[in-house]
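In the two complexes that follow, chain A is the common piece, with chain B as its partner first and chain C second.
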Partner chain A sequence: MADKTVYRSATENPFHICMPLGGIMPFKGIEGCMILVHGAQGCSTYMRRLLTEHYSESLEIGSTCLNEKGTIYGGEKNLKQGLENIRKVYNPKVIGVLTTCLSETIGDDVERFAEEYLADNDCGDLKIVTVPTPGYGGTQAEGFYVTARRILAKLTQPAPKHEKINLIVSHITPADIREIKRILDLMEVAYTLFPDYEETLDGMYRDEYYKIVPGGTALAEIEKMSGAAATIEMGLTVDPEHSPGQLLLDQYEVPLHRVPIPVGIENCDQFFRVVAKVTGKKIPEQIDKERRRLLDAMIDSHKYNAEGRSAIYGEPEMVYATTKLCLENGIQPVVVACGRGGNKLTALLAAEMEDCLEDVLVLSESDLADIRGISAMKNANVAIGHSKGHYLTEKAGLPLVRMGLPIIDRVGGQRLLSVGYDGTIQFLDRITNTLLENKQRTYRTQMYEKYYKGQRKNITLVKNSAN
Partner chain B sequence: MTDKIKKMQDTVNGIMSKYPASAFKGRKGHVIVVDHSEAPQEMVADTRTVPGIITERGCTYAGCKGVVVGPLKDTVAITHGPIGCGYYSWLTRRNRGRTEKPEDHNFLAYCFSTDMQETDIVFGGEKKLQKAISEVVEIFHPKSIMICATCPVGLIGDDINAVAAWAEKEYGVQTIAFSCEGYKGVSQSAGHHIANNGLFKHVIGTGNALKGEYSLNILGEYNIGGDGWEIERILKTIGYTIMSVMSGDGTVEQLKSAHKADLNLVQCHRSINYVAEMLREKYGTDWIKVNFLGIENTIQALRDIAKYFGEQSLIDRTEAVIAAELAEIEPEMEKYREMCKGKTACLFVGGSRANHFQGLYSEIGIETVLAGFEFAHRDDYEGREVIPFIKANADNKNIENLVITPDPKHYRLLLSKDKYKELSQEMSLNYFKGLIKIMNDGNIVVDDINHYEMEQFMKILNPDIFASGIKEKYVIHKMGKLSKQLHSYDYSGPFAGFKGAVIFARDIAMGLTTPAWSLIKPKWKQDTHLEGSYVYVEEVI
Partner chain C sequence: MKTNRLPQEAPKIFIEERKRSVLVKGGDNAAALNCDEDSLAGSVSQRACVYCGARVVLNPITDAVHLVHGPVGCASFTMDIRGSLSSGTELYRNSFSTDLSEEDVIFGGEKKLAAAIDLLVARHHPKVVFVYSTCIIGVIGDDLQAVCKAASQRNNVDVIAVESSGFMGNKAAGYRAACNVLLKAMEPQDGSLVKSKPKAINFFGEFNVAGERWIVHNYLEQMGVELNVVLTGDARYEDLKRTTHAALNIVQCAGSMNYLANKMQELYDIPFIQISFVGVGDTVDTLRKIAEALADPDITAKTEALIERELAGITPALEQYRKRLTGKKAAVYVGGGFKAISLIRQFKELGIEIVVIGTQTGMKEEYQRMATLVNDGTVILDDTNPAELTGFMMELQADLLVGGTKERGIAYKIGRGFIDHNHARQHALIGFEGAINFAKEVADTICSPVWKYIPQIGGEKHG
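Entry: the complex of A and B
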């Protein structure tokens, strides 16, 4: 394995996004929450636009609309006015405040403003959770965990021990969350899943219109996460300082078990092993059947998968899981990349790739231009990542299996299922079928070029030598 | 005041009364009920957004990089800032661009950013920007580079103008810096202004392309869904030369010679009227406010342009083209008209489109009952006659106002004084009448609508269609109503001109009749029926 960071000053066609964007999902994953972005109004508008396109859901995110005056005198007035208006119009249980480049650079003490606002007004049970998320401070992946951690830091209270476990998910799809819940219910495990944006970001048509969409982890549950028997957290690549599970361990001594996103048979095995061990529950026959079906699929598809050479990019946690899935199925990763913040991933993958027949380039800082170059050099035939990779298809003919966020040029990004044994089958099929489709499209030409044309050349050569 | 107007006024008052006092004060003048007996009605517009109200507006950077500079295909736009801004404004589907020859530059598929990190914020990002420019020049050999600033750049004081000057000297590549930090101004409109000023100062007037016969610039046309291509097709069929388009599918190269055109057409008044005015002051070129959305509007525009040039052969050709185009589309339009007539629509788009699309809707029998803009100014609502009365404030004073004097070499007037006077009576020559004048009594005009107001108006007006953008699309669907995106056309289009009108009519008819609507029944819809009449009973039977 080779680790290389192609350092350039111009990021050309990036595939990572900014920190506050990642903070939206955890807030959408708690009950009765409204989000306020403290910065110029473009930040919230841009984020709403991107996420709306991905989830096909409306995202109500307020802005404190900082302008030139606010940047000079500070954003206190705007923030307090923003809180007031959100509270009056939407009556939320929680307001999540995310900061931006602007408010962090001018140095607003957002937490103090929020505390003052609560003290000065009769707000009932309203909670305000503030999160420092400057755009230059990290990517959306870090924004996700940092926000989840701040929510727990603010909303969890000391609680008596109980038998439930905490399940902290990574940035997976609402369909993935639904699958995790099905699995845990099947195992008869008592759990608190956090952040639960299954219904808020993959809504249904309802008879009544709700200003704040129902769903999300209940606040009463979050309060008691401190008393849980254990925490299982999806997040091998997460810095302990950003980890919500670490906070519960440090502050309330809730035992923490870190697992990868359960994509791929090994990651799933590990997930089930941990859940079974922590809860003492048996793995039900149904799950065993699903595992056997996955194995069956892996065996049946291996011939096609063995021809796969993948370029994988996205958020570290999903990139790790996807890379393992490829390795298990004989799909050779040729480049595995994070936009930024992939240092931990490099170390994690090093262990996995010891047996690889060829070097895999792992990039901890990169952009799609890097991926395009390396893919061409190393003959990749499939890319796995989000929609911005359509550029690889358009410019370099590399087919794309859509995965992650944003998926904005196809519908159903929020409904993609990839976790658990069943989800893994679906994800693997998407990859295998993309390889097949590509082969179907090109193999006659390739055969003709390689064998038929080649043969004719040989004949000519023979003739020549006879002369 | 008629009953309809009064009733609507009471409704509006009811919606506004729910706001906390300060927000009420802030929103009050932004919503009016049209009453032509009270004309001219005054709007409050282009003011700061109320914090915490979920606005649909964007920022100054979005207006500059996303709207005006972004669609120029032959230039490399580098976003100097943290990654998000560049990423979000990456043009992919909205604006379209094509190249004539394989060697022509088209950078629309690319996003360039300096991806500033914490260290850059602390120690400054100029060096990184310089390096980024060097890399871009080395890899792409662009003929020009545009640097667009984001919030932190202005705060930490990076001198992007100095970097631009350095790049020009070092590489001989024209480099223009735009100080379009997101916090400037009250909406993306400030960004349009900054971008247009930059292009006017540094690009327009520097080229020497040959001027063709009846030459035009199309200003404020961004080629959403291919609109610009349909407009060009029609104009070229008649015999016009297009000198430049600003800026959809446009190039810096063409823009350089924009000053040589005979006449400027203004499609989006909001984003481009400054350029049209500056071109008039500096080069004497007149502009006509055109609207290529809607069949009648398109015909009007074509006749106005022909009349401006005044040559009978051109006028005859125009009429021949109109007749041929109409004959082609009318049968199909009639089919869709039957499916759509009697419906109502709300329009909330940008700074001009809520005006432009009303004609298209009415041509298929749909009345616009509410219209409003995200970032328009008072003149877009009330007409240009209000401009002298618009008060200067801290926000609009913030944007540079270029002082223009006539260009000694290129200044020319095409019309005699008498002819100018005559034509001014007959067409929107250097004039725009605004939105309010085209709306019916009792209809509502809303500036900078927010989520709360949108929900309320949906319930009260119960329109069949709400046309806006992606951010509002799914809340409208959740309310059981048809949404139509008029920022990006839901990946459809073009909607402009003759052929576009048919596509639009088809889209709306298809949207209104999709079987899903008959399978849902939102509760508040049922309630209306219960209160109202026998319709509900009929449905039950």
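Entry: the complex of A and C
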């Protein structure tokens, strides 16, 4: 145990990133929003670089460019100037301000600066949502929920009760969001999906140039989320203090139903059960067909999957869903890991793993060097996580099924579909096929090395002596 | 087409203060361009930070542990994102961080840093440990120098603090921080200078992206010139100590390394020349400049032979590309001035006119040079942003943009081609083979069949 503390003094090839990065997606998920990162120039540039590669979109995010002066005397001037310039160039409806390690450490009162700015200038309907997101305070997973919650805290107004439900998504892909919408439409559910970055982060080619890409949850809808019949929130691993749904419950008494990300048969079943129960809608035949197709696929692949030994890493919520998918299909997880902040995951998975024949290592704090070590020790044959795991492939020959964010060494990270029965089939196929491909690539040499002990030579020798 | 539109009339600049950082050739005095200043808050600058600059320069040193002291993000973002290649160890490709947490920020990170160094030295046996400071280190007041010194003595290995707190300037300040580290590392140990080798040169500002150092090395060998030390592509820590043995320094990425070359001239009396291997014309000039500087008839003869051989090899292919590309228009937005200047000539070689050109951290003289090389009507901009870049590209009908990773989306969003001129590339862009790769890449993007299906934005023709 002592060794473990020493060990964590250095992180070797981290796979978690920092809080403000996670805050970008919720802001991209609301209508007419521009983002301003309050800190030194580098943080926002790095985030833009990474997200540009992942989403193949131009991510326009401002920085307050804190310099020496700002750091010593406070960043008030930079922040206000930043707001002003963003407003001039982009004329947004909302400006989302994310803080960073630097601005938090110097103790800027960002919320006050923002209020003063609004009071001192003729800004019309402009809203400013500030979010404290020091990078050292958490990973992008926390950043995502904390920001989503702040947006609701700021923009939701008391509203009369209405029939719609709130559907709060976790950090899933734009394609996943599209699938959730399709499902809800198919069920004829009236809903507000938040945060909706389906079109803003997986844009279509447009004939006109928009400085702020259209899309995102409408502000008028967000205002009325307080009057919804219920909230369904994806997020079992989320701290209630970070949960947007919890806020709606506490502040407006909107009943809250927490569900996992609907990946895997059990999670999907649970999702549909909850949606049906909350809305009183029936599960349509189409969905039932999709479910049966998933069952068929699970049978088709179960023997291949039985050979799978997976190393799963990433953000807690998706790691949880992916681990369940593996368990349901007979793929043995050998290590399940979060970079930081995976405390809840351990407890959640303990129940799921009761039937497991093998111990599964669940790490709430780890890095890729850990995963590499454990994978080798426990003979993992597939890794599931984002593209930083190419290190595992390159250094240890472990094939990688790309999942999560960032995916910067392959195209289409934003289009990966994994939710719902259909999405689950696709995700499962990606895993199974990786196992198959790996076997195809290696089994001839493996068998040769295992069983061939030079028998051929003996035969030749006999022949030679006979001649 | 000659638009002689002054920036004052241009609707593409939305922030008053930015107008001083944009000019139009033919309309404005190039000397008036504002550059080398802090970015404007809220202007969506494409620049990076001091730490980034320092890391770019030192990262290619292969047998080092590069430890980022700070919160994890700064390190995760920079994990293995550069294409510098190694002929040996791959230690440099790992990302090490002290992953500071909230408590560390409150109570200080010195202990954690010391423990991290001890652990990493024990685990990886590096030849040197570079410890980079990030923004908050400057604020929480960790004494980096003291921790590094003590750790160095304890572990009997060089541990070097890189003063790269991100808010102390921009990328250029990081270059300087890295150069100071390099200067220190090359100091002759016993105080006496080893006599320089008359035919040996150092190559500065070359990071061995996609093996570019090796390409140049091959040329030099054929010329009879010895390549002494490269800073820092495929360099090992031991190499640095030989840096002062060369007769000449050649400097490619001037933004990052001119400072170092100047210092070496001052301290060790080693002259330097600015060169560029970007494009055929510049490559030929550079090889001749080296031969001239070394003033050896044998080298001169071999150099001419090499140039003749190489040109004969690539000219037919280049001619083909030129035919397909003549008349196209390009926009360029890159990190430093040297690359921008070279690209003007390289595009001319392909029959392409530059209509927009700018850099993140170019210097006054570099902008003046650019202004003399481009046609009237070309927009020149410093530290620009997506809104401006997009506006000018549409107005001046650029067919493609040359930039780094962040700029890719800007071009694609408005349906234009794109060339990655960054450090993450997986193909070489320098020397004769690089010129062919470049021409191919330009043709691949401009002449792609996909544009046939892409409607034009706002009715402007750009295909």
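As a convention for this text, the second predicted complex is superposed on the first by the 443 of 467 C-alpha atoms of A that agree within 3 Å, B and C clash if a C-alpha of one lies under 4 Å from a C-alpha of the other, contacts with A are read in each partner's own complex, and residues count from 1 in each chain.
In this text, a residue touches a chain if its C-beta (ideal position, glycine included) is under 8 Å from a C-beta of that chain, and two chains touch if they have at least 3 such contacts.
Nothing here was measured: the structure is a model prediction, and the numbers come from that model.
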Chain A superposed: clash or fit between chain B and chain C? clash
First (chain B), second (chain C), both or neither touched by A:R372: neither
Applying the touch criterion given at the start, work out whether A:R178 contacts chain B, chain C, both or neither, answering first, second, both or neither. neither
With both complexes superposed on chain A, which partner does A:V89 reach: first (chain B), second (chain C), both or neither? both
Do chain B and chain C land on any of the same chain A residues, and which? 8-14, 16-18, 20-21, 36, 39-43, 45-50, 52-53, 56-68, 70-71, 78-79, 81-86, 88-89, 100-102, 105-106, 134-137, 139, 203, 205-209, 211, 339-340, 388, 391
Using the touch rule from the top, collect the residues of chain A that touch chain C in their complex. 6-18, 20-21, 36, 39-43, 45-50, 52-53, 55-68, 70-71, 77-79, 81-86, 88-90, 100-102, 105-106, 134-137, 139, 203, 205-209, 211, 339-340, 369, 388, 391
Within the complex, chain B is touched by chain A residues 8-14, 16-18, 20-21, 36, 39-43, 45-50, 52-53, 56-71, 78-79, 81-86, 88-89, 100-102, 105-106, 134-137, 139, 203, 205-209, 211, 339-340, 388, 390-391, 394-395, 409
Taking the touch rule as given, give the residues of chain C at its contact with chain A in the complex, in rising order. 14-15, 38-52, 67, 70-81, 94-102, 104-105, 112-113, 115-116, 119-120, 134-136, 138-140, 166-170, 385-387, 390, 394, 404-406, 408-410, 412-415, 454-458
Please name which positions on chain B make contact with chain A in the complex. 18-20, 22-23, 48-62, 78, 81-90, 92-93, 109-118, 120-121, 128-129, 131-136, 139, 150-152, 154-156, 181-188, 394-395, 398, 451-452, 455, 469-475, 478-480, 520-524
